[in-house]
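Input: one structure, supplied below.
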Amino acid sequence: MINKYAHAVDAEIISNKRVGAYHHMVFEVGAMAGQVRPGNFVAISVGGETSAMVLRRAFAIHRSMDRGGSGGVVELVVAPHGGGSKWLTSLEVHRKVNIVGPLGTAFGIPTEPVRALLVGGGYGSAPLFGLAEVLKSRGSRVDMVLGASTAGKIYAPLEGKRAVNSLTITTDDGSAGLHGKVSDFLPDLIAASGTEIIYSCGPMGMLAAISKIAGELDLVHQCAVEEAMACGIGVCMTCVLPLRDTNGTIRMQRSCIEGPVVDGSRVIWDSPRAIPEGTWGAQ
Amino acid sequence: MNFDFTTTLAGTIFPNPIFTASGCAGSGKELIQFFPLTDLGAVVTKSIMLKPRSGRATPRMAETPSGMLNSIGLQGPGIAAFLQDDIPWLKSKGARIVVSIAGESVADYAELARLISGVSGISAVEVNISCPNVESRGQVFSCNPVTAHAAISAVKKNIDPSLPIIAKLSPDVTDITEIADVVINAGADGLALINTLLGMVIDTNSMKPKLAGKTGGLSGPAIRPVAVRAIYQVKARFPQISILGMGGVTNGREAFEMILAGASAVSVGTANFGNPLATMKIKAELQELLIERGFASVAAAVGYAHREED
Amino acid sequence: MNFDFTTTLAGTIFPNPIFTASGCAGSGKELIQFFPLTDLGAVVTKSIMLKPRSGRATPRMAETPSGMLNSIGLQGPGIAAFLQDDIPWLKSKGARIVVSIAGESVADYAELARLISGVSGISAVEVNISCPNVESRGQVFSCNPVTAHAAISAVKKNIDPSLPIIAKLSPDVTDITEIADVVINAGADGLALINTLLGMVIDTNSMKPKLAGKTGGLSGPAIRPVAVRAIYQVKARFPQISILGMGGVTNGREAFEMILAGASAVSVGTANFGNPLATMKIKAELQELLIERGFASVAAAVGYAHREED
Amino acid sequence: MINKYAHAVDAEIISNKRVGAYHHMVFEVGAMAGQVRPGNFVAISVGGETSAMVLRRAFAIHRSMDRGGSGGVVELVVAPHGGGSKWLTSLEVHRKVNIVGPLGTAFGIPTEPVRALLVGGGYGSAPLFGLAEVLKSRGSRVDMVLGASTAGKIYAPLEGKRAVNSLTITTDDGSAGLHGKVSDFLPDLIAASGTEIIYSCGPMGMLAAISKIAGELDLVHQCAVEEAMACGIGVCMTCVLPLRDTNGTIRMQRSCIEGPVVDGSRVIWDSPRAIPEGTWGAQ
């Protein structure tokens, strides 16, 4: 069944704090918290009852905590960007918002301990910390590299840092960490930590660069893609991207239910927004 | 009071008047996590074409004030896979099924009608004629009386006569009652009003149209006044025809508005995106409102805004 | 940078591209408390008819999601009183004036054109042909190529040849480029796009149409995607024609969107109701945005979304 | 000049209290407060930045207080009714809303002391208290009668009560004061207090009934009408009602700038929403 545990809940905001360019927000979601796996996202109604914004906004789940009974919370990292996210981040604690979740695919977790490299761009780091915790609890080695245009856009909370074996920061403007793009430093990092699997989340350009490197080194690469979504639950067909099947057929697939986490080797990186030649049903 | 929530649309009885709109409810599989499909009056399936279609490139959507644009380009698996996979699944869940079909030529419509005729468990066929006619420089079938008539005639002549035909019209015409007239003459048993309005958003960063397909279909609450007007106009001219109303319905009061204008049932589209439980909310609110206003049945309220007295 | 905020519309130069939309700025007297009228590119006056008109009964308006319906029914004092009172007052305030005229027959348009010809201080005439033709069962002039052509021809033949004519079109047509074509042939120097869409709201308490006139014109942000599409389509087909864009503009970014689509100037209607200072806000934001995007002039941005490169 | 003192201000809410069926709300409007005359109204943007409600809502000014400098306030009495008013009454103090005012005509104040009867229906009582204060300060006798369907819908604050010589309450259901309609008791009240002028504000039906009585007794009647308004400033022509000129001509006039306060004898009470026969420009 699609989105087997998804349901809607009027969730109270129990914390809303600015952290650099983002807001770290905590929502009381009850039982939903226990059903979240790293990589899942939620879809939130924005603008209130008389809002002109008719669509939900998707947010990767940063962390979730099942506190038993009806006391679960999910945490999100939200960038105030346009109308919806600005409205959300402006809300005061105790306000309620309608949340649907957990949605979408999760990062695949190997049954055996592995050496994993987690790569995040901007708020794309959000889902990686929850993933790091799970990987660590299974005995894996977790190295993390986070990149952004500038220091304020690196989201790396203290407790998160503790959960990883190493953390590398890169910024395009050199205002924090290494000066450059995440992908510039990947080959060395992979070599240094003996990476066996890469997990990534961030802008499409970054994911493409990582996928190229992973391909060359023959590493598994699970990435969380981000396409404009109208519904988040698979009913509208707006969020598609061309994905290669196991037998090589390319089909336009919904990133909300086939993703957001997909195997990097399935994505047609040179034209993720076009209809590649040979796509099933192309006119 | 004994309230009757069933509705008769194009001669077929449905247990309640709230349907999902074509293209806005996936294959049904995506919503069943949220509610049983049997709670809907009917599932109207995404318009299906003869062959598999990839649809358009992305971006395929843009949010607009109280609405959205979409340009999906009729992505779908084609009629063969649809009849083999989707219909049996919907039947197994007990859903009432209205199959929406779309063609690129008059011959396509005829062929689709033939292929559907043999299939059991379908309540009605919605004929989406708001799509481009490849034989006529891409002009939309329902935007021209001649092609609108040809498409519906082709379906009528080739379909199992026991299957009611609902013609779905585009509001992008000078006089929608004229198109209603020709499709009724061509054999439509009911009308679905309205499809999306043609719109465009320009991205002020890239300074180009935001959608890959440039234009897209405008839906959602923004267009509700246009939908209510279209339903009212058509009902005024053709009081006997069944209308499946749609366009921006998000709550029971708005579904009631469409019924007062002349709709016998109401499809819910864009509202599903904002709330997967929208149809269930609308249905509950509508029932309450109809009872509160003293109607003993849906039928009694259909077109009630047209009365001349008081 | 030397930024040029002037714009040329139908051959006439205006100091900036932000106008008030016809019927949405009263006579000008109501707004002057909020800003000097000279700060506008131009004031487009409320469509004036030959004789005084009471307009329709109330209710004349209904708010809708991100929009509103109106059914004013062209209330006004008639051309004689208008030329005697309103024009001199607007001139005394230094406003650029675009006079909007509306007729019930082709002869009305001819007569209005003659009456305006002698008057000095008018920059252009906007010909509102989105009104009912009493000689043709109330069908709207601009919804029929024949009557659209006749109305604009009548104005062209009777007007002072130095006065540019801007034909204002209704979006409620199957193909707006077809109507654009005929009015350009009839002598229009520019086009105003778009007038309101026909809509209806039913009051779920009275269970009757909310407006006394039953249907009304839909305006505001809800219709902006339809307006942008209409402007883009017409500009694509007639790159040389000047377009005065309008429909739901509330801020500078949205005015910029219309300019990118092909408008040389932008009228602001419904936004004035929500904010009497809307035009001034839009103007300031638009200027900032044009400069930020590196345009040296308004002209350089007009239709920029049509470019094929990059 | 029309609306000579009108301007827009982002006004902070400094108090918002439920009083019966209404909310009494106080806004910091600065200099605007000093320009208000009883009968004027304000127009407020509702729903916030991403609102689907594009029109302002009009509210009669209950009282205004010019505290010198930039410290003025206006008070409103708001009934949570539909989307706009519910949004407004739900706001917390310190939130700002955009207010345009003062708008429209004011109640005419005789230069000499008079015996005035003030009649309010529902929240229509709001503007009458400010009026009462002005009349009292000019040495007039002020009697007041307030009616509503039920007790909770009578708005009559304590300080207001002190400002009048007599206060009569009527309710349709008898839950407070006299049982019946305001108009049932008017003739007696007029006789008892020797009324010379009537001021009224409330639903059209009530105003019509008062106007009939005023006409029969040949009393001046100034009433504040309430028509659906899209703009509130005279530019949209939606708020019209037929009004008789001094020479008897009926014209469709804007209630926002020719009103809300108009002379009751000018209104065509039997068809305020239609185009009466003979109206100037009727088709």
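Going by the order they are written in, the chains are A, B, C and D; count residues from 1 in each one.
Note that a residue touches a chain if its C-beta (ideal position, glycine included) is under 8 Å from a C-beta of that chain, and two chains touch if they have at least 3 such contacts.
Note that the coordinates shown come from a computational prediction; the quantities given were computed from them, not determined experimentally.
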Report summary line: Contacting subunit A as well as subunit B are chains C, D
Query raised in the report: What is the chain whose Cα centroid lies farthest from the Cα centroid of subunit A?
Result: D
Report summary line: A student comparing C-D to A-C should find more C-beta pairs in contact for C-D
Query - Approximate Å spacing (C-alpha centroids) for the pair subunit A, subunit D - result: 55
Report task. Could you give the separation in Å between the centres of subunit C and subunit D, each centre being the mean of its C-alpha atoms? Result -> 35
Query raised in the report: Between subunit B and subunit C, what is the gap in Å from one C-alpha centre to the other?
Result: 34
**Report entry** Approximate Å spacing (C-alpha centroids) for the pair subunit A, subunit C
**Finding:** 47
Report summary line: The positions of subunit D in contact with two or more other chains are 52-53
Query - Two or more partner chains touched - positions in subunit C - result: 65-67, 220-221
Report task. Draw the chains as points, connect those that touch, then say whether the picture is a line, ring, star, complete or other. Result -> complete
Requested in this report: Could you please specify the touching residues of subunit C with respect to subunit D in the complex?
Outcome: 23-26, 29-34, 46, 51-61, 63, 65-68, 70, 72, 75-78, 212, 220-221, 250, 270-277
Requested in this report: Could you pull out which subunit A residues touch subunit B in their complex?
Outcome: 1-4, 6-8, 45, 52-56, 98, 100, 227-228, 230-241, 251-252, 257, 273-275, 279-283
Report task. Spell out the part of subunit B that touches subunit C in their complex, as residue ranges. Result -> 62, 64-67, 69, 143-144, 172-175, 197-202, 204, 207-209, 214-216, 218, 220-226, 228-229, 232, 248, 253, 256-257, 260-261, 289, 293, 304-305, 307
Query raised in the report: Considering the complex alone, what residue numbers of subunit A touch subunit D?
Result: 46-53, 83-84, 87
Query raised in the report: In their complex, what parts of subunit C are in touch with subunit A?
Result: 65-66, 221
